[in-house]
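There are structures below to look over.
Each of the next two complexes has chain A plus one other chain: chain B in the first, chain C in the second.
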Partner chain A sequence: MKLSRYVARSSSIAARGLGDETMVMSATNSTLFTLNEVASEIWNAADGVTPLDEIVKRRVCSQFEISPEAALEDAEALVENLASHGLLLISHEPIFKQGNSFKELA
Partner chain B sequence: MSSVKAVALPSSVVVEIGGLPIRLRCDDPSFVLQIHERYAGYISSSHDASFDFNIELAPPGTASGDEDVSVTCNAGTWLMKRGDFRAQFNPATTRGHIEQTINPFSLDSVLRIVHTLLLARKGGFLLHASSAIRNGRAFLFSGVSGAGKTTMVRLAPPDAALLTDEISYVIPESSRYMAVGTPFYGELARAGENLKAPIEVLYLLAKGPENKIEEIEGTAAVRGLMENILFFAKDPEFVRQVFDSACEFAARVPVRRLTFVPNTSVWELIV
Partner chain C sequence: MSLVVEMVGKALKLNIPLSVQLDLTYRCNERCVHCYLDHDDHGEMTTAEIKDLLDQMADAGVFYLTISGGEIMMRRDFFEILEHARLRTFCVKLKTNGVLIREKEAARLRELGVESVQISIYSHRPEVHDAITKMPGSLRQSIDAVRFLRKQGLYVTMANVLMTENAADYKQVRLLAQELDAKFIIDPTVTPMMDGDRSVLKLNVDQAALKEVFRNGDLVGNVEEFCAPPAGVNQDDLDSLPCSAGHTACYVSPYGDVYPCVQFPLPSGNVRETKFVDIWRDSPQLNEVRTITLRDMPSCSQCTHGGTCTRCPGLAYLEGNMRGPSTQDCEKSYARTGIPSENLKTKLASPKPVNSSQLIQIKGLQPMVPNISALVTKEIALGA
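Right after this comes the complex of A and B.
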């Protein structure tokens, strides 16, 4: 059985929704990223406590014509890419916010 | 009989850019006179200043020209350094200290950094852009080196007032964004007029075979703006402030791509 994955927005970013897209800036190296409409849905729902597959089901499959399997596969690639740039945290456990930053529970 | 006339040499000068008076003190009166000349048009007649900087001149030959600029924040004090200067500035105490060579352009760099730090707190920024006022409205022309910033203001009609050919000063005021003249110049080697006006349009420059204007919206506008905003500091809070300012600006001021042939016909499109 595949373990659930949780995603949370890093505290070291600045982000702003602009129309259907979202612009995210790394506050550590000032790199800019533009998220399209689907990626923005996942980004906005990345609260650290909702499993990624649940986010995909509720926020992506309900609005866009895509199979759950394909959507989850795309979402996993997206979050891994964003995590590799320090914009998202990924964990197999819920990630809770402490103060102004998310803390991953071991 | 010869007379001895006492001449009071200046030990400080107040340079006011963007309505922000900064007092610069130096024990060397000849350097203070150099500052007077460099910032002519931006010297305040008032002795009041919001910030005080003491300048200590380093002996000639002590500069290391190849060191990149570094701006860091430590417990509220900003530390700025490059091969030709080391400076610190605490906005809370309103005091700063600069160690630099006698070159006034080192001071120019420190002032640019200080203004980027202070402007960020107000939602403003310095932008790699030339700017000019025409019919009471300011037009900004932004781009990297070689994009045509100086060319655009050189081609401007005689009724246009030059604000800068290099670094535009952008500050929110009420519900508008204003462009303010600066003494910071590029190839033109001439300071802008000390004027301000509401910004009508920000043009991102590109050279091409014909003159044309295209709207840029949303994330593309913010990206184009961020690529040209001066910010030296890597402090996360500062980066967030600049990013938020860019988003606010792009939401309120039209951003357009201006592709142009470098002749006066381009100004027929600037209305």
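Right after this comes the complex of A and C.
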């Protein structure tokens, strides 16, 4: 059985919605990204405690015409990409916010 | 088209204030000879008021937040405010003299994810810099701050305001910035005081100094292109907007007053009386500013520089007419190209008793893009 993955927005980012898109900037190197409407749904739901597959089910499949398998595959690729830029944290355990930063529970 | 330009275009279409400069205080530990502010405290917003304003601005869509002053660290609650701004995920840029930034403060700024810090450095010589700031030892302290911030890996810009007092030093300041691994910008602009007092304009450099700066390839890039004669005005130019002031950007004073820009002190509302987003959307003053295109400017629309001029609507407003020319920018176009603007021709034809030094004022030589930056832009889109 595949383990659930949890995703949380990094505290080292600047972000804001702009229409149906989201601007995200890495505070470490000022690289700017935009997320489209679907990616924004996942970004906004990345609270560290909701499993990614649940986010995809609730926020993507319910609003967009896409199969759960395809949506999860795309979402996995998205969060991996965002994590590689330090914008998201990914863990197999819930991630809780402490003060101004996130702490992953071991 | 860059991602930033696309974002600005979208913000304009959606009427979103993408960028705000918020001055926390006009108090300062320096007394710069060219400063446009009154340094007395006339009732600054409280910590709670500023936090509430930050919440309102985040909800209104503000992304780029420039925190400035006065000296921002004169506020004892500066880090509390900054922490709140970062919790609301603004992209925060700071403007400071750096005097109060030591290793501990630099580390905290890094920890809080500040995007960049701009520090004013007027000269590489203490006797010149400190004479401008009227604060002995200030150059050493400001340079130390640059070092502390760079050590933390923060982006630092050294801003060099060009004046009669330091006109000979900008090349050395640029070298100093290179040595410290900081960005360098030169800003040959001394603006009138916010109360309209123009006496500080006597500090502006003369035409010869301006021409020298404009012909320095290290500063302007391709000199031939930068100083090329203007191509005239076309239909697109006539429909173009002057700048981002009031369109995707605005300014909020320490007292909650909202203006189109820090250089455009047209009172447009106060956040102590009206919600920020309501001022942004409904202020008659901001809405008037938004209607003005080059076509509506009687003199500038007829001017050969109309399509390329860096006319500042705020300086035009301070000169008495926000639809009129900014004579300081006319002088800049003249220094750059050797071709007088329509406004200058009129003034030459019927001279008025104006101190010529008041006619020379130019903006910074940063690329003519909105006052927002991203060193690299990338796009990620699910399924794209």
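Definition applied: the second predicted complex is superposed on the first by the 106 of 106 C-alpha atoms of A that agree within 3 Å, B and C clash if a C-alpha of one lies under 4 Å from a C-alpha of the other, contacts with A are read in each partner's own complex, and residues count from 1 in each chain.
Note that in this section a residue touches a chain if its C-beta (ideal position, glycine included) is under 8 Å from a C-beta of that chain, and two chains touch if they have at least 3 such contacts.
Not measured: the values here are computed from a predicted model.
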item	value
Clash or fit, chain B versus chain C on superposed chain A	clash
Partner chain(s) touched by A:T34 [first = chain B, second = chain C, both, neither]	both
Partner contacting more residues of chain A (chain B vs chain C)	C
Which superposed partner A:A14 touches (first chain B, second chain C, both, neither)	both
First, second, both or neither for A:L52, with chain B first and chain C second	neither
First (chain B), second (chain C), both or neither touched by A:I90	neither
Stretch of chain C, among 40-48, 76-84, 346-354 or 364-372, that runs into chain B once the two complexes are superposed	364-372
Common ground on chain A, meaning residues reached by chain C in one complex and by chain B in the other	12, 14, 16, 18-19, 21, 23, 25, 27-30, 32, 34
Partner chain A, residues of chain B touching it in the complex	217-219, 222-223, 226, 231, 234, 236-237, 239-240, 243-244, 247, 250-251
Touching residues (chain side chain C, partner chain A) in the complex	3-4, 6-7, 10-11, 14, 16, 18, 58, 61-63, 83, 86-87, 89-92, 111-116, 153, 155, 373-384
Partner chain B, residues of chain A touching it in the complex	12, 14, 16, 18-19, 21-23, 25, 27-30, 32, 34
Of chain A, residues touching chain C in the complex	11-19, 21, 23, 25, 27-36, 38-39, 42, 74-75, 77-78, 81-82, 100
